[in-house]
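Scrolling down, you'll hit the structures one after another.
One chain, chain A, links the two complexes that follow: it is found with chain B in the first and with chain C in the second.
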Partner chain A sequence: MRNKAEIVIIGGGVIGACIAYNLAHKGMKDIVVLEKNYIASGSTGSCGAGIRQQWGTEMNCLLSKKSMEIFENMNESLKVKRDIELKQGGYLLLAYSEKEFKQFKENIKLQNSIDIPSQLLTVKEAKEIVPQLNIDGVKGATYCSTDGHANPFRVNQAYVEAAKRKGVQFYTYTRAQDIVTQNDEIKSVVTDRGVIETNKVVNAAGGFSKEVSLMAGIDIPTKSERHQILVTEQVNPILKPMVMSFSYNIYCQQIPDGSFVMGYGDPDEQHSHNIKSSWQFLEKMAKKSTYLLPFLKDIRVIRQWAGLYNVTPDAQPILDESDKLKGFFMAVGFSGHGFMIAPFTGVLMAEMILGERLSMDIKLDVKRFEHDRLILEPSVV
Partner chain B sequence: MNEDMIVCRCEDITLKELRDLIAEGYTTLDEIKRALRLGMGPCQGNICLEIAAREICKMTDKKMEDIKMPSKRPPISGIKMSELVGDNQNEK
Partner chain C sequence: MRITKHPILDFNRGKKITFQYKGQEITAYQGETIAAALYAAGIRVLKKSNKYKRPRGLFCAIGNCASCYMVVNGVFHVKTCITKVKEGMVVEEETEKGDIID
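Up next, the complex of A and B:
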């Protein structure tokens, strides 16, 4: 194992791998990534695999749009061995109240102003896109045809392999145990396989972002909570877009292999690192999804799993360098939408770490929580 | 051995695909599962994981007892959504 590095990235999920790739792409040498388990073993590998650009703040719209542009060219740009399984079947978002529909109208105006090809739909038009949809209670919808899906394992692995070709060293099954500091500077990272001297660390630890920050003596307002998912057997393609609703609280998509992947957010979920599956989820999920898409009744559920959302008080990530510890960078707290914005997040973090001017204005600093400058994104799950 | 042989019947994965992946450096079942979808089908890896474990042992210095089996996830076998919602009208 190396005993010195220019930078140590903690976390081998899509965020850590993507930052490593972008740093190496910009010419940085001696980059080490530590992953306590295997690649994509945490939140990346358990996510719902959706990618949407329909957001309610300009920053999120831009982050996701620029990320989608990278997803669209990823097979070529990263010279992947295995296709990332991008499916742009669109996202159909359903509104169940006039208030929600009004918000959708605002969102569409904003999205269209930066060339996201989303559109406002009447209930009838929504039904044309998904003929099987139960429209009871639906007041209107929005649709963006370029939203969709990519395979999180494949995307994560694609970044790992591209980064390795540029010299990045990945240590899997290697746990960061401590971050040694002296006079507000980072000195080294202690792992269960040895010590690595470094002045820069990136916290890309997903569900364990708080624990990794505390190793460096930095407290951040992130918490983890379980989100459960189920997947069905594979059937012929019958559902083109991701169907989603904030108020009805569901997302359901048929992925390219033919299975349906779906989930909802449990408002009573406690903060923890628990990722066990529950039968309560299975029953409620089946009720919710078959009400909305009755044809699902004949399809079998074959597997359940769960992963961690790493949430912040405003459900927006922290992309920042600590003001208390020089060289301690954070790309954490993605609150359930890290995968879909990972590609451009990696670009921005590499710019930040190298002291370059960021190619997009972001206000995702950690100090916003102290100064009550929360980001008011109306369209989060 | 015929390398076109299917080792994972749920996902139609051949022995050659499996061996190529191990040769690439994927030497744990969890990693192989996620790269190839091996074991992600309705049978949850009842057949293929054992085969994959044996192939890892043949191609690396690992022993069977060193190989960690991926998590078994519920449900044990496929359940129709209609059964979960208590609507069995379609079931005969």
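Up next, the complex of A and C:
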């Protein structure tokens, strides 16, 4: 194992791998990525795999739009061995109250102002896009045809392979145990396989972002909570877009292999690192999804799993260098939508780390939480 | 082949019936599962795998795996190892993932 590196990235998920690739692409040498399990073993590999640009804050909209542009060309730009399974079947968002529909109208205005091709739909128009949809109680909808899905494992692996070709060293099954600092500077990262001297560390630890920050003596306001998902057996394509509702609290999408992937956010979920599946989720999910899309009643569930959302108080990520510890970078707190904004996050973080001018103005610093100037993301499941 | 004598179990076969498999008439006994009747008739391949179209046959025989999925009377993904055969049933091999019937 190397005992010296220009930078150590903690986390081999899509965020860490993407930052590593972009740094190497820009010419940085001696990049090490530490992953305590295997590639995509954490939040990346357990995510819902959707890619949505219909957000309620400018930051989330811009990050997801720029990321979608990268997803669209990823097979070529990363010279992937296995197709990333991008499917742009759109996202159909359902509003169940006038208040929610009003919020949707504002969201659409914002999205259209930055060229996201989303549109406001009547209930009738929503039914035309998904004829099987139960429209009871639906007040209106929005739709963006370029939203969709990609395979998180393949995207993660594609970044790892492209980064490796550029000389990045990945150490899997290698756990970061401590970050040694002296006079507000980083000296080294202690792992269970040895010590790596370095002045720069990236916290890309997903569900364990707080714990990794605390190794460096930095406290950040991120918390982890379990989100559960189930997947059904495969059938011929029948559902084109992701169907989603914040108030009814559901997302459901048919992925390219023909299975349906669905989940909801449990409002009673406690902050923890628990990723066990529950029968309560299975039962409630089945009820919710068959009400909205009755044809699902004849399809078998084949598997359930759970992963961690790493949430911040405003449901937007922290992309920043610590002001307390030089060289300590954070790409954490993605609040359930890290996968879909990973490609452009990697670009921005590489620019930030190399001290370049950022290709987009971002207001995602960690200090925003101290100064009470939060812009809350209204559109999360 | 069917077991006719068993040291512990008794076989009370139901009456003889027939059903269709790929246009071919198969004889079965009432009370048997579709897969059992096909197996007894010498049919070993029940479906092909989705991706590489490799043959799949009776595997778990208790309704857990997806190896015996067939199209029965037009319905896809029927677990033939736990579905009893009926007079005149039309059983087909699955050639695709199958449509949902509403």
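List of remarks:
To be clear about the criterion, the second predicted complex is superposed on the first by the 381 of 381 C-alpha atoms of A that agree within 3 Å, B and C clash if a C-alpha of one lies under 4 Å from a C-alpha of the other, contacts with A are read in each partner's own complex, and residues count from 1 in each chain.
Everything that follows uses one rule, which is that a residue touches a chain if its C-beta (ideal position, glycine included) is under 8 Å from a C-beta of that chain, and two chains touch if they have at least 3 such contacts.
Source: prediction; values computed, not measured.
In the superposition on chain A, A:282 contacts chain B only, with no contact to chain C. For chain A, the partner with contacts to more residues, out of chain B and chain C, is B. By the document's definition of touching, neither partner reaches A:194: not chain B, not chain C. By the touch criterion defined above, A:41 lies against chain B but remains apart from chain C after alignment on the C-alpha atoms of chain A. In the superposition on chain A, A:233 contacts both chain B and chain C.
By the touch criterion stated above, A:132 is placed in contact with chain C alone, chain B being left untouched.
Within the superposed three-chain model, A:300 lies in touch with chain B and with chain C [touch as defined at top]. Annotation: chain A residues 233-234, 298-300, 302 touch chain B in one complex and chain C in the other. Across the complex, chain B meets chain A through its residues 24, 28, 30-31, 34-35, 37, 40-42, 44, 73-75, 78-82, 84-85, 87, 90. Touching chain B in their complex are the following residues of chain A: 37-41, 45, 81-82, 153-154, 157, 231-234, 257, 277, 279, 282-283, 286-287, 289-290, 296-305. On chain A, the positions that touch chain C within their shared complex are 132, 233-236, 238, 258, 294-295, 298-300, 302. Remark: chain C residues 50, 66, 76-77, 96-102 touch chain A in the complex.
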